[in-house]
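One chain, chain A, appears in both complexes that follow, with chain B as partner in the first and chain C in the second.
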Partner chain A sequence: MFRKIKRHLRLGKQQINIDTIYTGIDEPLPKNIEKVKKRLDEIFSGCDDFIQRQMVCGEDECIRILVSYIDGLVDKNILNRDIIRPVIDYLSSKQAHDEPKLVYQRIKECVVSSSDFEEIQSMQQAVYKIVSGDAVLFVDGVKDALAVNVKTMQGRQIDEPDTEISIRGPREGFVENLATNMMLIRKRIKSPNLKFEIIQLGVQTKTDVCICYIKGIANEEIVKEVRKRLKKIKTDAILDTGYIEQYITDNRLTLFPIVGNTEKCDKLVAKLLEGRVAILCDGTPYIITVPYIFIESIQTSDDYYDHAFFASFMRLLRSFALIISNLLPAMYVALVSFHHTVIPIKLMITLAASRQGIPFSPFVEAVLMITAFELLREAGVRMPRTIGQALSIVGAIVLGEASVAAGIASNLMVIVVAITAICSFVVPPLIRATMLLRFAFLVAANFLGFLGISFVAVAVFIHLCRLRSFGIPYMAPFSPLTASDIKDSLGVVPIWAMLTRPKILFPENTKDTVGIKRQEVDEISED
Partner chain B sequence: MEKARISSLQLFMLMTGFLFGSTLIINPIINAKNDGWLAIIIGGIGGTLLLWVYATIALLNPSKNFVEILRSRLGKVLGNLLALLYVWYFTHLASLVFRNFGSFITTTTYLYTPLEVIITIFAIVIVYAVNSGIEVVGRVSELLVPVIPVIAVLISISLVTIHDFTAFLPVLENGIQPVIKAAYAFLTFPFGETISFLMIFPHLNKRKNLRRVSALSALSVTGLFLFIFFRDITALGSHFIYQATFVPHITSVLIPGINLEPLLDVNLLIGGGIKIAICLYAASTMLANIIGADDYRKFTTSLLTFCVVLSIWIYENIFEMFNWAEKVWPYYSIPFQIFIPLILLVLSLIKKNKTTLTDSAEQ
Partner chain C sequence: MKIKIIILLILPALLTGCWDNVDLIDINLVTALGIDKSEDGKIIVTVQVIEPAALQSTSSSQGKVGMAQTKPVFVESYKGETISDALISMKAMVDKRLFLSTVQVIILGEKLCREGVNEALDFLHRDYQVEYLADVLVARGCSPKDILKIQPEMDVIPAMYIKGTIENTELRAKVKRTMLVELFKDIENKCRQITIGQITKENEKTVNTEGTAVFKDGKLVGWLNQYETRGFLFVTDRVKNTIITIPMANGKMSIRVLNSRGKMDVKFKNGRPYRLSIYVDLEGNIAEYTGKKVLDAPTDMHTLQMTLSEEVKKEIAMALRKAQKEYSSDIFGFGKIVHKYHPQYWKQTMDQWNDIFSSLPTEIVIKSRIRRSGLIKSPMTKDE
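Our next item is the complex of A and B:
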């Protein structure tokens, strides 16, 4: 069945994919500046933010220069300072040449005072440069044109990300601007081995997408695979890394995240240093990292900044919370409907008393309460923050108290759902998977009790063991067991004892995390 | 042929899970009464030797699976015929395990649930596992098999207040004969059944570990069974253990204060699941090899459906099941588990000697 769906999806995708915006303008630049102007006006007809500034000078007005740009994308101050003013000064000065080619040469070499420009030859390039925020300078009688980078750097300020809060550690988060994000990463890894490869994706949007990795640490095979998969993407638009994520995943029909995302600089840099590959996308602060394995879901950056004992304890707590948030309602239903004998007598009496007068079966009760909780959560997320908080408090108190008072849910059920809800927030990357699995476990528990839960659990385990993220088994380092990677899984060793990089990512490159550290250890052992 | 690779640890886990399987439900050593521990030791040692033989066959025929070994040693026609018989044997074994598990569940925990429902749902999980490939089955076993000894120890700890250490005395009350009989039953079930691993051995990534891993897993399972036997007999006493239908179930019921029965179900689910998955994998890959099909997955669903139906038809009631396991299975298994493998071993050894002789003659 899934195979059919997949085939259908694939067919649906093949029917789009025609490069629609640049068809018909694949031509060399005309020499005559009037022609250029007319053609550009034609292409940008209806675009009132498109501006062309013509400058005329010399004897018989033989030197004509055209600057084309889009208002708002370029920084007008920089444009005036670096292009318009110097060019006018030059043209009106005595050194000015009459020969267009020489003028163009001079302008290129010593008039335009911008550090970042590019020579272009075709109309397609010119149009692309203009829409991506460059000012393009044409000289009459010359076949080439000059695209000067005078982009504005407007955008959100760098601030602490809302989605990933850390108690300790750097608070800088990524922003929407790709160049700023690249700067934030480069600032932390001062090495020429840190590579950024930019490609354009999306037929309409031509979004800059950047592959980032550390050469020598990241596995070349994975980098190659990332490049290959990115190049395969054929779509109209890339608005967020979420789009890319869905295209490049190994398994499109899974509940579990097999591509990681983060908004925190220090977290991303740590992942890069472990040998992962990051994919940045212009216009979004979320950066995705591959390969992503299951254990990363319960890792936080605080684990490495804090003392290893506390960090290990928190890891264990998180794993426990993950199990609880998946299984607790199902366990409750299984216990009440099937396995009375398992419950100790005293608890049994309390339970029977609390369930007295409730018209629903435990399963219906559980589904009602969990659905109510999910609704509350969703409502709280979409609301403005201040209202959201009020909503959740009112919802929790009113729903919890009133449903017990009205005899719709038992006291114990409210406790069960409350604990489940708390636990589900402990492991944010798996919230969505847990949400759906919880219902699957509930149905199974209502059907076959503990045996049903075990069946579903085993099926989930099989699914997890099947999953791969860019060829890396998802359940590593537990299965396949990778002894050297266990140090950073359910527990975490102190940072000075973490001598090797994750072996599972790059088996050939496990020698050391930091050369110096290993040397020190060797020296000590030699002594 | 699948290009999957499994590690030594995964093979160990698979084998341990397989050997644990449904053995606790049937309890082949029950006839030795309080001398069961002796039967376990003898059977365990015999089983280790048997596994050693199977591993040696695999080592003498490097990178050949069971069907190819049979064909190359016994000729194409006879080899294919025997391979087909083995397909039947493994299918039959899988359905027996299904029935063991289903009967256990429907008699102990789920009294009102039909046997068919339990077996069918179990089968759906199994087919998902087997279709994911042997690599995935190996990884799943790596995660789940360690649960088995943990639960066994947990139940034992809970039983620490109930014990009678004299329960297994006197030794050899009824003579050595019942012990030997039970040990033989224990040898054929579960150790002899690992003949199905000849379809999995070629996937092992480090072939030189093969014998060590097999022997280690046989010995550790023997140790586990010994442990569980001592727990059961000290808790129940020799008479009770002989009369009980499902010994581990009775033992877990004895635990004061709380009922750990569902944990036991989980244990049997893991062991039984791995056993059925391997039987099914072996049967379907063998069938694919005989026919020359490229993908064994085409056969899994149909073979498993057959298993499910067979498992429901095969016995009228659980007493017939025990009777079959006790009286018929050990003898029915002789050709499959001992006779044919020994012939293969001898033939492989002769072939090897010949080639070494010709090699040395050439030199």
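Our next item is the complex of A and C:
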């Protein structure tokens, strides 16, 4: 079935003529500035934000200069300060040449006071530079043009991310601007080994996508694989790393996240230092990291900043919460429908009393309540913030009180759903996976009780053990068992005892890998 | 194709239906089971069933709106050829499935016990639902139904009330608490005869669980009263905490036994047993003293300990005499020692052991120690 859909999609893709917008203008720049102007006006017809400023100077107005840019993308102050004013000053000064070539040379070498410019030869390049926010300077009679980076740095302030809150540690989060994000990473790793490779993806959007890794620490094989997979992407637009994520994952049908994402600078840097590869994308604060293994879902940056005992305890608690959020409703249904014999009598009386007078079977009741909760959650995410309070009141009253009072749901079911909900929020990366798995477990529990639950659990585990993220087994370090990586799994050892980076990221010739050792043992013993 | 096969594999699992899926509201929770025999040889089964909703509303006094107040417990009995027959036939009167895993106490009738308890145990052992940790009691002087029908004021559920009293009495060492699983173990055991706690009805609201029923080869032969029961428990090392009252020169003294260790032995000579020995070590504190003498000399304590030992010895001798002379049933389990240390002799005499046991002389050695006198040393009122 999926194969059919895929084939269909592939056919559809072929019909889109790739690079349509750039194929028509594959030509060298004309020498005549009037022609350039006319051509650009043609290309940007209907774009009212496209501006061309012409400057004429010299005897007989023989030197004509054209500056083309898109309003809003360029910082006007910088444009005036770095290009317009120096050029006018130069042209009106006595040093000005008459020969266009010399003028261009002069402007390039000592007039334009910008640190970042590029010479371009073709119309295609010129158009690309203009749409990406550069100002392009043409001189009449010269074949080349000058693209000067005068991009405006407008965008969101660097802020604490809402999605990943930590009690301790840096609060800086990434923003939408790629350059800022690269700066944030570079600021933390002051090493020339930190590499950024930028490629453009998306036929229409030409989005800058950046592969980031630390040479010598990251596994070269994985970097190569990332490059290969990114280059394979043929699409219209990349609006978020989420698009990239779906293209490059190993298994496109799994419920579990096999590509990680983060908004926190310190977390990303830590992952890079572990030997992972990050993929940044212009226009989104979410940065994805690969390979991503299961155990990363329960790791938080706080675990490493805090004392190892507390961190280990929290890790265990999170794993427990993960199990509870998956299994609790199913276990309740199994207990109440099948396995009455294991319930102690006092609990039995409470259970039976709370079930009394409920018209639905436990399964139906559970599905109803969980669905109601999921609706409430989704509504909470989607609706405008201002009416949030109304929703929480309605939710609390309807779900908690009224349904019990009306005899639709039992008290215990409400508690079960509440605990499940709380637990599901403890491990954010897996919220979506557990949401669906919960129903699978519930159905199994209604048919076969605990036996059904264990069937589904076995199936899920088999699936988890088969998953790979960029060739790395998803369930590492448990399957395959990697003894040295256990230090940072269900428990966490103090930071001074973390001597090696995750070994699982270097599947072959581990000994030769330079990056495996985090710190020298001798250095520690001196302390 | 692959998907079709998978669907075909999943379908039977879903289509079988859920024969075992029973909602909690479709079962009747049985908290107590009474089993007795009628005059015409049929089995009478009594069940005590609780209504959880009514229970909760009586205990929390805020019942659900619109629900008629029902009694939290009802008791029904039915006559049948066997226990399972009676339980199934009872469905004529009961609206839901009877659920036996919540059974807290099983009360056996006197008549049934006199004719042999094995008959009842077969069903209880065979059925997978029955709770093995249920307490078993023998009703003395009344039918199990009479006891299950009481309406205690202390607990809404009579079964829980009865269980509570057994636990209490066991702590006081006045009843031999027997769980169902112990009965299963001992019923076939020739080394030790079974004993089951006894229950009597005091009035419409209370019961009394003191004393022990003595069985021989699975049949009820007699009873031990509360003091004999304690003697029996001292020997079998089951005393946890009890009060022993001893007469003093002018008044009485109660000793709280905190620690007791009982040991049995069978002495052999020339390959034949010639004496049963019982050793009990016990430790206690003075709990109460109504006399007037100041107890500060070491000799006082010494005589006190002697008296205490005599008292315990008396109780043990009473129990032993009854088991040997009256019932001729080795409830203590001396047979176990013979079986363990003299297996050859045991093999030959296994079947006559109860008679041999009855004919053997006994020796009782009590070592008692009084540790503390409580918070005060001297009596409240001294000698004038």
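Here is the rule we use: the second predicted complex is superposed on the first by the 484 of 527 C-alpha atoms of A that agree within 3 Å, B and C clash if a C-alpha of one lies under 4 Å from a C-alpha of the other, contacts with A are read in each partner's own complex, and residues count from 1 in each chain.
One rule holds for everything that comes next: contacts are C-beta pairs under 8 Å (C-beta built on N, C-alpha and C of every residue); 3 or more make two chains touch, one makes a residue touch a chain.
Note that the structure is predicted; figures quoted are calculated from it, not measured.
K.L.:
In the superposed arrangement, which partner chain does A:L448 touch: chain B (first), chain C (second), both, or neither?
P.N.:
both
K.L.:
In the overlay, answer first, second, both or neither for which of chain B and chain C A:G357 touches.
P.N.:
second
K.L.:
After lining up the shared chain so the two structures overlap, which partner does A:I349 touch, if you call chain B first and chain C second: first, second, both or neither?
P.N.:
second
K.L.:
Applying the touch criterion given at the start, work out whether A:K228 contacts chain B, chain C, both or neither, answering first, second, both or neither.
P.N.:
After superposing on A, A:K228 lies clear of both chain B and chain C.
K.L.:
Applying the touch criterion given at the start, work out whether A:A459 contacts chain B, chain C, both or neither, answering first, second, both or neither.
P.N.:
The answer is first: A:A459 touches chain B but not chain C.
K.L.:
Give one of first, second, both or neither to describe whether A:V336 is in contact with chain B, with chain C, with both, or with none.
P.N.:
second
K.L.:
Regarding the shared-chain residue A:F478, is it in contact with chain B (first), chain C (second), both, or neither?
P.N.:
first
K.L.:
Same chain A residues contacting chain B and chain C, which ones?
P.N.:
Looking at chain A, the two contact sets intersect at 338, 341, 448-449.
K.L.:
Report the residues of chain A in contact with chain B in the complex, numbered from low to high.
P.N.:
Residue list for chain A touching chain B: 338-339, 341-342, 344, 448-452, 454-455, 458-459, 461-463, 465-466, 473, 475, 478-481.
K.L.:
Touching chain C in the complex: which residues of chain A?
P.N.:
For this pair, the touching residues of chain A are 1, 336-338, 340-341, 345, 348-358, 361-362, 407, 446-449.
K.L.:
Would you mind writing out the residues of chain C in touch with chain A in their complex?
P.N.:
So the residues of chain C touching chain A come out as 3, 13-14, 18, 20-25, 27, 29, 31, 50, 52-53, 55-56, 64, 67, 99, 101-102, 104, 128-129.
K.L.:
Show which residues of chain B lie in contact with chain A when the two form their complex.
P.N.:
Spelled out, the residues of chain B in touch with chain A are 7, 9-10, 105, 109-110, 113, 117-118, 121-122, 125, 128-129, 132, 136, 139-140, 142-144, 257-262, 265-266, 269-270, 273.
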